[in-house]
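Following this line, the structures themselves.
The same chain A turns up in both complexes below, where it pairs with chain B and then with chain C.
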Partner chain A sequence: MPKCTIDGKELEVAAGMTVIQAALQVGIHIPHFCWHPDLPVDGNCRMCLVEVEKMPKLQIACNTAVTDGMVVRTNSDKAVQAHRTTLEFLLVNHPIDCPVCDQAGECYLQDQYMDHGLHDSKVEVEEKVRKRKVVDLGAIMLDAERCVLCSRCIRFEREVTGTNSFEFVNRGDNTQIATFENRPIEHDYAGNLADVCPVGALLSHDFRFKMRVWFLSETESVCPGCSTGCNIFIDHRDAEAQRLRPRRNVEVNRSWMCDPGRTLYKEIAVTERLTGARVKREGGWDGITVAAALDEVAAKLRAAGPAAAFMASPQATNEDLFAFKALADSLGGPLDFRVGGPQRLLRERLDQVLQRKDRNPNTQGALDLGLARDGVDAILKRCASGEVKVLLLQGVELLRDPSHVDAIADVPFVAVMATHEGPELDRPDVVLPAAMWAEVDGTFTNFQRRVQRIRAAFPAPGDARPRWELAAELLRRCGGTLAAASARDVFARLAAAVPDYAGLDYRTLGSTGRALLLQGLAAAEARA
Partner chain B sequence: MGVTRVVSVDRNTRPGIIPILIGLRTTLVNLLKTVFLRGAATVQFPEQKRPTSGRYRGIHLLTVREDGTPKCVACYMCATVCPAECIYIESGERPEKTIEKYPTRFEIDLLRCVYCGFCVDACPEEAIMMSRENDLVGTTREELIIDRERLMERAKLAEYGPGYRPSENDVRRPVRIAALERLKREHGIVPGPPPRG
Partner chain C sequence: MASAVDTPAAPAGATSAAVRVLRERFGDRLRAVAEFRGDLAITVDRSAWVEAARALREDPELDFKLFLDLCGVDYLDKEDRAERFEVALHAYSVSTKHHVRLKVALPESDPTVDTLCGVYKGANWFEREAWDLYGIVFRGHPNLTRILTHDDFVGHPMRKDYPTAKRHVLKKSKEWLLKVPEGSENLIVNIGPSHPAMHGTFRIQALMDGETIEDAEAEIGYMHRNFEKMAESRTYWQVIPYTDRLNYCSSFMNGHGWALAVEKLLGVPAPPRAEAIRVILSEFSRIMDHLVAVSTNVVDLGAITPFFVVFRAREDIYELLDACCGARLTVSYVRIGGLAADVPDDFEALCRKALASIREVTKQAEKLLTRNPIFANRFRDIGVLGADDALAYGWVGPCLRGSGVAYDIRKDHPYSGYEQYDFDVPIGTVGDCYDRYLVRIEEIYQSLRIIEQALGKLPKGPIITDDKKVALPPKSEVYSNIEALMNHFKLVYEGILPPPGEVYGYTEAANGELGFYIVSDGAKHPWRVKVRPPCFNIYQAYPQMIKGGFLADAVAIIGGLNVVAGELDR
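Entry: the complex of A and B
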């Protein structure tokens, strides 16, 4: 374990760690363009030069391993002057079109110009080397003029997706980044190229000209797109999600996320969302308050008793599932969630990077909580034979399959917690408006059995409520109690009731979650 | 306008006819001065208007390129700096590759605006300026939210003249000055290009 001193701070680091990583550990940010924590070191931008005692020349921090007794200065006059000079070179052919560039506000060039540069350009804008602008590469827009030739995108394509789309072309001043014959980027991870690009050369097509980034607030969350559970930020403004962005978690998704996941924010848009409860009367739908709808459902549940059946949803959080199970247990009816068999796909890869075949975020959580109980087929059989008087659905999965809808045709009363309008909502007799993942606090358990927090970024539209709250209200009306006023309370109850989750609470989960032991599967195998 | 004399009021003056006569004398002197010496202190608005400074901060205008499109590139700097949050912009794509962005909507709520002129200072393109137009009249709130077309087509501009706008020698913006001073203080680096050699 070598010991070193960086800017007067003494620290002990793991062997083989580079200076730039060691500095980050003690909160010292060394300016850089080409270094990325999840990409191999390239050392081409020369921005991270630092002064190392007893070394004649400045060293690049990203490719200098810490050795015992090393004394590093990142802010000495010599180092700062080197940063300025390097930056001036990088800016020689930069078009300075910050006003039209979407990267403005999260651009390394801008930040470092304000920190280290502040020089007047020696090159007139008209004299700069012109390169290709506004090149449409599918999900990505390329602007070669803004590029600082850091090769992050090249290394991403080589190391993460293995597609090798990008390469440098031409020489000297005319070097620029390009894909072969301007072919579009076709893999599912193109959005990451816009994230790894430290400047505005590669930008997201979807986010183009939509919003200046400094207007956005970020909320830590977890992608609900599949069982991988990538850590994300929800960037939102005025209670409207504007984009999803990966959040670094070395154990799950490193710094990446897939493009299908990135588009999920569009589902939250307020149009087509359910904003109030409704009940089917003779002659059509009747909009009523959520409380009245809950009264109606609870009355039916009380009358049915054990003849009520429950179908949970692997889209729901652990808190939702726990409250739903408490409701089912209090009435003694059959309960399951495995519509379409997500548990079989839970750990199956869709590709070699991140995506998994199970498109639900919390199948593992539902299994952990014991919701795989009576079997979907058995419940449907009971529905068909008329044993089930009331069917309560936590999600719309069952209603999306026509054969299942036929099977429950004879159930006298079906209630569903739904988020969006849709043709599947013709069948149920009561529709309860549910909040979506970006609007609730809770936890998802991913395929590795890592329990991760999701956080409410903004309020749900209209009267939509978290599913656990709907279940808790029904439980109260049926004579039981959940004794919980918030998602945090529900999780505390859950941790007390489920042995595997014992000792967990929202504080210990933190921002990157906590992994539980995988039963029957080595953790390493699942991660591989 | 001549020099204004500040008259202090002596609160200890005993009530009576004398102070009233003193007051009437002041009124009479002013009346005679107005009639015989310098004319009326009021103007006959709206036929007449008071002269305003060349830096007067009146209603905004958007400058226009030669082809009639707005000079604005929808960078949102004005909307960011606006303390009254009265500027609303939506941006779109234009075919030219050098200036690929332009505002599809640009609205200023003149009733919320505090006429501070920060939007003019923030603009990197000299696209938003202010005129000296100051008689803001409308019968509904909606007609005082002026849109992109009305900001570009300011019929009354010739009548009032341009107001607050960026001047040639005002390029060192406050943020940059503060950053330069920090660099000098902490590292002894003097503003300007790095020394050669």
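Entry: the complex of A and C
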């Protein structure tokens, strides 16, 4: 384990670690463009030059392995001047696009100019080399003038998606980034190209001109698109989600997420959302308060007792599922969640990068918490035979399948927790408004059996409540208690009741989650 | 009238007398001593809080008799701190010319500390404010109730976890501020909040025995906009327009004070030309404020003419400000590190025009007032506050100087180049309304002297610092090269990033020491800004001053205190 000193700070690092990575461990951020923690090193930008004792020339920190006894200065006069000079060269042909460039606010050039540049320009704008602007590549937009030729996009295409879409064309001052025949990017990971690009050369079409990033607040969460559970940030302003972007987790998704996942922020928007409870009466639907709706549902549940059936949803958090099961157990009726058989698809890959076939975030959590119990078909049979008097659905999965809707046609009372309006809500008798994943604190367990936290970015609209709260309120009206006032409390109950989850709490889960033991699967196979 | 002695500011290291004395008395209960940008901050244990404050005040070597400010700070989720809250006391010693900051840390589970009302009279309202805005409990406080927010307000709005989107419906006014004693036939009279004699929206309730005021209580907060909370989500630059709306009668001075406080935090000074122009405009603003104070005061007594006379001069000052920055009242002309733009070509001509008209109208007003027997009868020996009380309440400015205490920051701790100018500071002897009037009138003449000198030696040069992390690049650069464009972008959306630390910046505003206590955690928004509002301390003494006097005298006194609601309530 070589020991080194960086800017006076001593540290010991793993063998083979580069200076730039070692510096990060002690909070020193060496300026860079082409280096990326999840891409192979290229060393072309020359921004991370540092002074290494006993070496006459400056060395690039991204490709210099730490040797025992190495002494590094990242802010010596020579290093500072090198950073400024590199920046100056990179800016020689850079267009004055900031007012129309989305990258402003998260641009490496802007940030590094303030910290390492602060020089005056020596170039007239007429002298700058002009290149192609506004090239439509499908999900992303290319502006070749803004490119600093760091090759991150080339390396991403080569290493992560294997599609090799980008190459450098021309040479010298006219070098540009391009796709063959300007063909658009056609895989599901184009959004990451906008993320890796340190400047505004590659930008997301969907986000283009929508919002300046300095107005956005970020909240840590997990994408609910599939069982992979990529870690993400929700970027939002004034209770409206504006975009999703990946959050680095070496164990799950590295620095990437898929494009279908990115679009999921759109479904949180209020216009399609269910914001109030309603109950079916003689003449039609009546809007009522959530409390009144819960009273009606609870009355039916109490009267039915073990004749009440429960269908959970793998879209729900562990906290939701735990409360739902507590309710089901208190009444003694049948319980399951496997509509459509998500557990069979849980670990099946959809592509070679991140996506999985199970399009639910918490199938594993539902399995772990024991919600795969009495069988969906068995419950549907009992519904069709008239045994089931009350059916409580935690999600709309059952209602989306016409054959299942037929099977429950004769159930006297059906209540559902739902997030969006839709034709499937015609069948139930009571509709309860549920909060979505971006509006609640909770946990999902991904396909690797990794328990990861999601956090509420903004409150749910109207009367919508977290599903666990709805279940806890029903439980209370049925004479039981969850003894929990927050999602954190529910998780504490859960950790006490489920042996595999023992010892976990929100603090230990932290920002990157904790993996539970996964039988029958090698660690390498489990990784994204 | 006496004139204050011209002495240079003493270095902060000399205040180690305070550290030595406290260390001797309290040992380990003196938790920490910090010096930053010349400010001395001493943190003591909760158990030593009152005695430490008393020691600072009463030890003859320390003599911190002038109570300046007391405020709460919320350090929620700051990992380097064990306790969530802090209370900070600022005090000044007129004899040793030193400021000091005394702090105590309080845990979230028990944000309680003993009251300082027994040490400094002025602490009363400040502790109420800290209770109101932070929920800090001051044991032994005679009346720990809300002061700036409505009685029905729920929560403590300055806390970092207060839900700012929360709406309160606050409809009921507080009818009774005073209790009528059992069986009494006394009348309760409300003066304000909507009363022309209350120069701004504040309220006094008086228990009358005929024409005499037996008891009085004040209610403020009608103009509370929580400037300090706004500042916590604005960049240092964006705070500038808010400062205009503190004492809006002399708005430039607030911005001047703010800019100096931030420049102190940054360690980045403004260039000489900018400082000289700041002095000129601040002195014009001081004149403006004094003209309002004096003329509206006498309007309340029925002398309407001086008001119409002196406002002509105000109009000329407005024209000057308008030419400089486009606005008359709320100017936002100052910038961190200098000024927004250079003055127009006719600046000197406009200044001289204003100087001439100020001289003229002040003479006229004096002719109507100073030797007028009716005026003398209404003002002499009315509203007397002695020096000791004035210091204990935290009086500053013309009110303090009227009571005989020679403290003017322009002389004692010169800033922006004030040491280059010759001027006198008028000091009163009786501490009555008449003295305060005379002090203000004389200060107008002295301000004219300062402006003439500053105009005479106005240096050429840049109008703002050339530090690229503080000042915007010139527009011609911004539109023609990428470096300046990026610089502009970063300064606008991210702003200035000061080092972590805390400073107390103070200037001699029209009403006295206007202070800004700024706590920075290195981020683009200040963590905490506390305005040390001179009016707040001054008005606190008012209910006591009017007890036993006539209602008519209460009206005479209030105008002369020059309480401006924007500064009082923030």
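Simple rule for what comes next: the second predicted complex is superposed on the first by the 523 of 528 C-alpha atoms of A that agree within 3 Å, B and C clash if a C-alpha of one lies under 4 Å from a C-alpha of the other, contacts with A are read in each partner's own complex, and residues count from 1 in each chain.
In this text, a residue touches a chain if its C-beta (ideal position, glycine included) is under 8 Å from a C-beta of that chain, and two chains touch if they have at least 3 such contacts.
Because the structure is a prediction, the values reported are computed rather than measured.
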**Message:** Looking at the superposed three-chain arrangement on chain A, would you call chain B and chain C a clash or a fit?
**Reply:** clash
**Request:** Scan A:57 for contacts with chain B and chain C and give back first, second, both or neither.
**Result:** neither
**Request:** Quick one: classify A:91 as touching chain B (first), chain C (second), both or neither.
**Result:** second
**Request:** State whether A:120 touches chain B only (first), chain C only (second), both chains, or neither.
**Result:** both
**Prompt:** Thinking of the overlay built on chain A, is A:134 touched by chain B (first), by chain C (second), by both, or by neither?
**Reply:** first
**Asked** Which partner does A:212 reach: the first (chain B), the second (chain C), both, or neither?
**Response** both
**Request:** In the overlay, answer first, second, both or neither for which of chain B and chain C A:100 touches.
**Result:** first
**Request:** Could you say whether A:507 touches chain B, chain C, both of them, or neither, answering first, second, both or neither?
**Result:** neither
**Request:** Just name the clashing stretch of chain C against chain B, choosing from 1-9, 271-279, 451-459 or 469-477.
**Result:** 469-477
**Item:** Residues of chain A at both interfaces, chain B in one complex, chain C in the other
**Value:** 98-99, 104, 114, 118-120, 212, 214
**Message:** Under the definition above, what is the set of chain A residues touching chain C in their complex?
**Reply:** 91, 94-96, 98-99, 104-105, 107, 109-111, 113-114, 117-121, 123-125, 212, 214
**Complete:** In the complex, chain C touches chain A at residues 468-469, 477, 479-487, 489-490, 493-494
**Item:** Interfacial residue positions of chain B with respect to chain A in the complex
**Value:** 73-77, 80, 91-93, 97-101, 124-125, 176, 179-180, 183, 187-189, 191-194
**Asked** In their complex, what parts of chain A are in touch with chain B?
**Response** 75, 77, 80-81, 84-85, 88, 97-100, 104, 114, 118-120, 122, 133-134, 208-209, 212, 214-215
